Amino acid sequence: MKFKKAVRDPIHGFIKLTEEEVRLIDGEPLIQRLRYVKQLGFVYLVYPTATHTRFDHSLGVLHVATLLGTRIMQQLGNVDEDLLRHIRVAALLHDIGHLPFSHSFEILTKHLLHMAVARGCVEVDMAQFDAARKPHEVTTQLLVNKLGPRLSELGYDPSLVAELLFGRDGRYRLFSNILTGVFDADRLDYIMRDMYFTGAAVGTSFTHIDLERIVENLEVVGENFQFNEKARVNLEGYLITRYNLYRHVYLHHKTVLFTEVARNILAEDIEKCGEGSGDPQICQYLCDLARFATGNVDEVNIWKATDDYFVSVFIRDAKFRDLLSRKPPDYVTLWKREKDFLEVFKDPVRINDLVDKIGPIHWALLNRLKKKFVERLNIELSEVVNCRLSPDDVILSYVSFDPYAEDLFITTAMGPLSISDISPLVKAVDEAWKGAPHFFLYIRKGALEKCGEKAVKSLEFVLEPLMDLAVRRISN
Amino acid sequence: MKFKKAVRDPIHGFIKLTEEEVRLIDGEPLIQRLRYVKQLGFVYLVYPTATHTRFDHSLGVLHVATLLGTRIMQQLGNVDEDLLRHIRVAALLHDIGHLPFSHSFEILTKHLLHMAVARGCVEVDMAQFDAARKPHEVTTQLLVNKLGPRLSELGYDPSLVAELLFGRDGRYRLFSNILTGVFDADRLDYIMRDMYFTGAAVGTSFTHIDLERIVENLEVVGENFQFNEKARVNLEGYLITRYNLYRHVYLHHKTVLFTEVARNILAEDIEKCGEGSGDPQICQYLCDLARFATGNVDEVNIWKATDDYFVSVFIRDAKFRDLLSRKPPDYVTLWKREKDFLEVFKDPVRINDLVDKIGPIHWALLNRLKKKFVERLNIELSEVVNCRLSPDDVILSYVSFDPYAEDLFITTAMGPLSISDISPLVKAVDEAWKGAPHFFLYIRKGALEKCGEKAVKSLEFVLEPLMDLAVRRISN
Amino acid sequence: MKFKKAVRDPIHGFIKLTEEEVRLIDGEPLIQRLRYVKQLGFVYLVYPTATHTRFDHSLGVLHVATLLGTRIMQQLGNVDEDLLRHIRVAALLHDIGHLPFSHSFEILTKHLLHMAVARGCVEVDMAQFDAARKPHEVTTQLLVNKLGPRLSELGYDPSLVAELLFGRDGRYRLFSNILTGVFDADRLDYIMRDMYFTGAAVGTSFTHIDLERIVENLEVVGENFQFNEKARVNLEGYLITRYNLYRHVYLHHKTVLFTEVARNILAEDIEKCGEGSGDPQICQYLCDLARFATGNVDEVNIWKATDDYFVSVFIRDAKFRDLLSRKPPDYVTLWKREKDFLEVFKDPVRINDLVDKIGPIHWALLNRLKKKFVERLNIELSEVVNCRLSPDDVILSYVSFDPYAEDLFITTAMGPLSISDISPLVKAVDEAWKGAPHFFLYIRKGALEKCGEKAVKSLEFVLEPLMDLAVRRISN
Amino acid sequence: MKFKKAVRDPIHGFIKLTEEEVRLIDGEPLIQRLRYVKQLGFVYLVYPTATHTRFDHSLGVLHVATLLGTRIMQQLGNVDEDLLRHIRVAALLHDIGHLPFSHSFEILTKHLLHMAVARGCVEVDMAQFDAARKPHEVTTQLLVNKLGPRLSELGYDPSLVAELLFGRDGRYRLFSNILTGVFDADRLDYIMRDMYFTGAAVGTSFTHIDLERIVENLEVVGENFQFNEKARVNLEGYLITRYNLYRHVYLHHKTVLFTEVARNILAEDIEKCGEGSGDPQICQYLCDLARFATGNVDEVNIWKATDDYFVSVFIRDAKFRDLLSRKPPDYVTLWKREKDFLEVFKDPVRINDLVDKIGPIHWALLNRLKKKFVERLNIELSEVVNCRLSPDDVILSYVSFDPYAEDLFITTAMGPLSISDISPLVKAVDEAWKGAPHFFLYIRKGALEKCGEKAVKSLEFVLEPLMDLAVRRISN
């Protein structure tokens, strides 16, 4: 592969690009837009330096996918450079469908689209979105299609790029898996990158040496890959680091709260626009966003699907301005860390498990859950005078995540074994994760004050069964 | 000092804040706005990860200023905690006057204000701006005044904060100097930070160990501070690192070009709005920016002085969209690095020196220079058929900088000596810098093609005297 | 504290020393000898760069003890600089009693002394050694006494230094504890140092930022210290790092084997010299070593208690030359890592626990254990023709270690809680450690070959009950 | 290349070895001996952690040589794996001839051999040593020959290994050059390694990213290699780092002094043994060393050529014990750093140049120089009563070094240009080096005191011309 350019990257050193890649990237709004979408949404309100973007991450994934792809090809006995070129482009494009603030608003995508369809801004077959676990992947697929002619022009086969990205069980299964599988270039890059840009490396490290070691111990067996035991300690490092990032960054109680506050603002505006009572400029913008989500982009419109434009519109909303200026939200967190969580939930593993089973959650579902939950709470609090919570007084947030390591296999004399089965440390991290808070509950300060401290204290005793009930209720 | 909170920072570990500082920072738009102003303007188009902001930098300066301030007080024999509190707040506020994209548009500030005054958007005494070397410091001063009541509320003396920031020769001279002097907390932080976030550390390092060593070897003598020779090697490291950042980041020929393209877009829009022919929304926005620059902010308006809002407005301009999508500019760089520069200029030190003498440049001045220069070029090219450059075909950029080290003093038996005088390496870096390109010249591809390659080549021989002439002309 | 000199250290940056400390250290053989004692004994045969010494470690402990000591004094409301000076010297001297190759031969100290007494080389009251858990601490105490006059000369109170080092429950309990307690300067330094010099940092990190954070969150409550929850994540990092160092470095199956081979060589020579059949020069040297261990040192003799001299003598022994040249030992490891261990032991936690209970092991005890064990093995193998193991065919090694974290306390609303109780990760690491191999078994290749592969396989099924029996037998 | 083992190395991560390499290395005293030879001799007396060895360095050179070798082969269009195997072995063996303490005693090798020949311990053709610039390379060559049969056994061609190591202008010129040329694997490794183990990284860095970048920009043109300009900044980093290591580590005035003290001790003992008046055990040992230097090694003898054995013998000498215990030497340094040097020498570049021209210096030559010099000094001091220096009162040390960068070439449109010609920074570093002290002068305190301070001061004025005279005298 002949490289034309090397982009400086603090994570991987230099990321080298070929002539065609440079021609594809420079000047292409669909790719360059990612510079204006922060990798970690609102995390920067907690870790101020977390302003890195989907753009540098995408270059990083291209880099790591090349390492993994080359290794797999070597294992298969044939380095197919043309296929590698396509893997690289697929990696580069894997995130182009992300809305502003990445995952922050993903849960509201369907909501947004339904409203936009109802208002006639877009025409779209909702089936594909309703079926999708991750709406941003539908958008990615639509946008990759848009790029088809440009890809052809540059000598790529657009259908191969699409197959690598979306056809997970096809001919190129092994290579699809390194793009978006259980253990893929995406995760390897973001773990290194998020750690670097948040500064959250504590008791944890995962360096280029670990990455190199993992790559060179990847072994292809049949249609899968597994790892030689030599890389076990590096994979342990990967899993501990991921665990720490979840605990300290992605699931930091303040990260979650700020994200939920942002979601509530957007949800409310979607609702108002649906009812015809919204701010016209915001409603107009939501239509633009919906157009982007459904792949209807033009040269100007595309720039609206950026953090920057989102912010410029929503400063019309006082609540959003409060968020931007990090005004301390008017909510009390019922637990912040494991310690507090364990005081409230006697069987944290079971309750987490219960919640996890809901799966990638819909906004509507979460609202139903919250409603049920608040109903029950109010019954408990019924004896306290003047104390009644409305659903709006409560924020309930849940992060869908699967950091379990069962699917990482180590080669042994007895065949591949899950790393959880042979590494007590991994098993331990798995266990630790299972007991760590997967969801958070925040109650509005004013509401709590009305009820009095005693009532709040009493709540703690009933949260576990109430949560249990509420989840079971909506699961049926 | 009792701390309430510690913010994670990849550069300094944890930056600790007191209760009052937390109360000042969280929810204060004048400070939080800095999260939406990138530290390095358009550098991210060359170094994709350079998305760090004036906000994390300001926290870093607070941290470093505390180290330096405490050391100075220890040297003076009295640690005045109250003064230290004020130094910390002053550090935190030192950059609040920056326009979107930091220094990128600073050169156009006066232009913008003149237009806005002419159009009646703002009323302002232009004298203070006309007198200022750095317009953003005028804005900072105006905004710090605005914060006065809030500072008082939190137990600070606003006049002391102002004196520390702006009264450079007063009672608190020593402490003002560590905020914005020759060797200050500002530079120490940005050098560490910009290196980290660009990934440009090459042959260079400056770590927390160097910082610590420098701090503990600072010695106060009379009204100045100097350094024990023990820290000499660390200071050398500081100066080499700074030199490398200038060469590879701040003065990267593409950084400079993208910045100039952005400036031209803004300049053109300012002009059009002045003439009444501009895009109304852009013109409206320029008035908002002018209001911010003159300290007229309200709760909504303030959020318009952000990179985000700037982008959202300027996507109306196709040229700006090209910039955002990093479309390769239609210009040829006449030299990229020292090597090329030395081929064109036989006496690079003299020519740099000549240019440096112009001082912090005005847009108008630069335009006059360019015009003179293009006139001369056209005379040279007059024999070539069909070859005539218009001023718009040429971009001339100049970065005002003083990385000379004369003002860093080392304690010796013979009294303080400039580090340049005792360190051959520093002297060498100084020399190297003097011969490195301080300015760049770009010519539109189309224009060059019309003239033919030979004409271009012939240009190289005349650039030196032409530049010489042009600069002399405008200097008078 | 006025510093005169700063020693460069890759772990802590600069370690600063006062005038008296420099005068104490430079030229003092009792301290300088530590430069010739490798911190990690024979680990360098597995991690080639692990050649760092007790000397740089001792400087590191001085540095960390100063940080912890100062913090404790601040918490107590009085920074007693004179006490701090003594803590620093105590830290510096804490390891001066180590024999060559640090812990490698510690288990043989009493053996050595008994032989030397019997041969009349030394006169010593063995009671103090027999009573000691760690013989090198007795030697340290004897040598610190020797240094008394020198310490007085330099303005120190030798009895205070001794009390800090050895009087663990006295007046200075809090400060003794930071020198050699559950969580002390010793461990903090060696964890950072051993990680740096082996390069074994994988999935693990513990940096100066963690150290700083831990120090500033140490809280004194009564006669103990505990930690604010803010430092919990850093303490977790400390414990994971320690766990990883144990697994990958200190208990690497090859480290253990090489160390045991060295021990066997020395044990055999001690025995032979006891019987009068040893190599005279080796026997002479063993007397010299015994003299050192009992504090009988003179200006020349002291240099014999170094790795260097040890090597120079033992190259007379062909087996030791094989060790030096890292000839692959003629032994098979029955398990190398957890995975293999778990295949052999169904209840690893119980068996480890059983073994741990033996306590810091004596060579004689270990030999008895091995003998019992081999007896039993031979009964099992009795049906196999020509297959009979002698005790010499077997190496059994056990590392006494307590990486449990029960004694690290976190401040909570409910009073101090053990970090194991509130951190699932720490609990998990504890669990992981409990199931990791604490002991290793190696069998001579030749012996195994005689018995045939089947016999070996059959062994695996009986190891657990045999080990159980053997340990119980000797425990009575 | 199929790897069997990976050795952990903090510099390069993992150094992978093939089956044959493992078989060659493990158990081979000629290679394993290097574990007992410190890479930097007595530097550990100044930088305590500099205890790394020629062994880990040799593995590092194997690693880097593989990177460079592979790149060159790719440039030539043919990766010859068999040749690469030989390059790796050559790299591994390149330092096996080093005496204890590496370069420290190299200057005395011929002296030692002459004495040993005279005393009949060895028979050797001195011609080869007299002709050699670096005696240790002669020894290496002799030992590599000894290894011939073993190499053949493992499938290597011993003559090819020898040609790669010593036949610098032959068929394999390009590959010889990456082993021991101007810019080779040896230097690349030691620069990274010495920086890591001393902790002396200040204002300097050279990381795996720089190494990678340099390798992938190496270009073969004809029989030479040069570098694409893309790697220029990394090469600058390499040269600055090297400069800093020379200044702060290799030429630290205390490093130099301790080394000279050690040399004087050894020189005196060589002389005494030559005269028949030496300590018999020391004389015996010097014969052993001489045997090693001439390639006469057996299984036991080889272990005597280690730092360890050297120390064990020389503790018989009280002066050496003083050195081991870092007793402050009884000498005054006439200049410590550039600053002081520049006060004494008005034309430092000329005087350095003069000294450099002497070339790799002989002990005898240096002694003659010193004698001439002291003679002259005494003339100057003749008027001072009671003041007369003997040659023993003076230590004069000179480090032969060529850190000039003229031979590193960068590819340009005009053909290859020396990096000094296009990089002002490199040129500057070159200049800085030329003016930095290349030699040091120490005078015994007692002698100085007798003469009085005034005399000392007066010396400074005459040093320059005296040095000039002395050097010219011996050059003829």
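For the reader, a short list of remarks on this structure follows.
The chains carry the letters A, B, C and D, assigned in the order they are written, with residues numbered from 1 in each.
Throughout what follows, contacts are C-beta pairs under 8 Å (C-beta built on N, C-alpha and C of every residue); 3 or more make two chains touch, one makes a residue touch a chain.
Keep in mind that this is a model prediction, so the values were computed, not measured.
In this structure, the chain pairs A-B and B-D differ in their number of contacting C-beta pairs, and the larger number is found at A-B. Taking each chain's centre as the mean of its C-alpha atoms, the one that lies farthest from the centre of chain A is D. With centres taken as mean Cα positions, chain B sits 36 Å from chain A. In whole angstrom, the spacing between the mean C-alpha positions of chain B and chain D is 45.
Shared contact sites, meaning residues of chain B that touch two or more other chains, fall at 13.
Remark: chain A residues 7-11, 13, 25-29, 32-33, 35-36, 44, 47-49, 51-53, 55-56, 59, 196-200, 299-300, 303-304, 306-309, 311-313, 315-316, 321-322, 324-328 touch chain B in the complex. Of all residues in chain B, those touching chain C in their complex are 6, 13-14, 208-209, 212-213, 230. Taken in their complex, chain D has these residues touching chain B: 201-207, 210, 229, 233-234, 236-241, 243-244, 248, 337-339, 342, 412, 422-425, 427-429, 431-432, 435-436.
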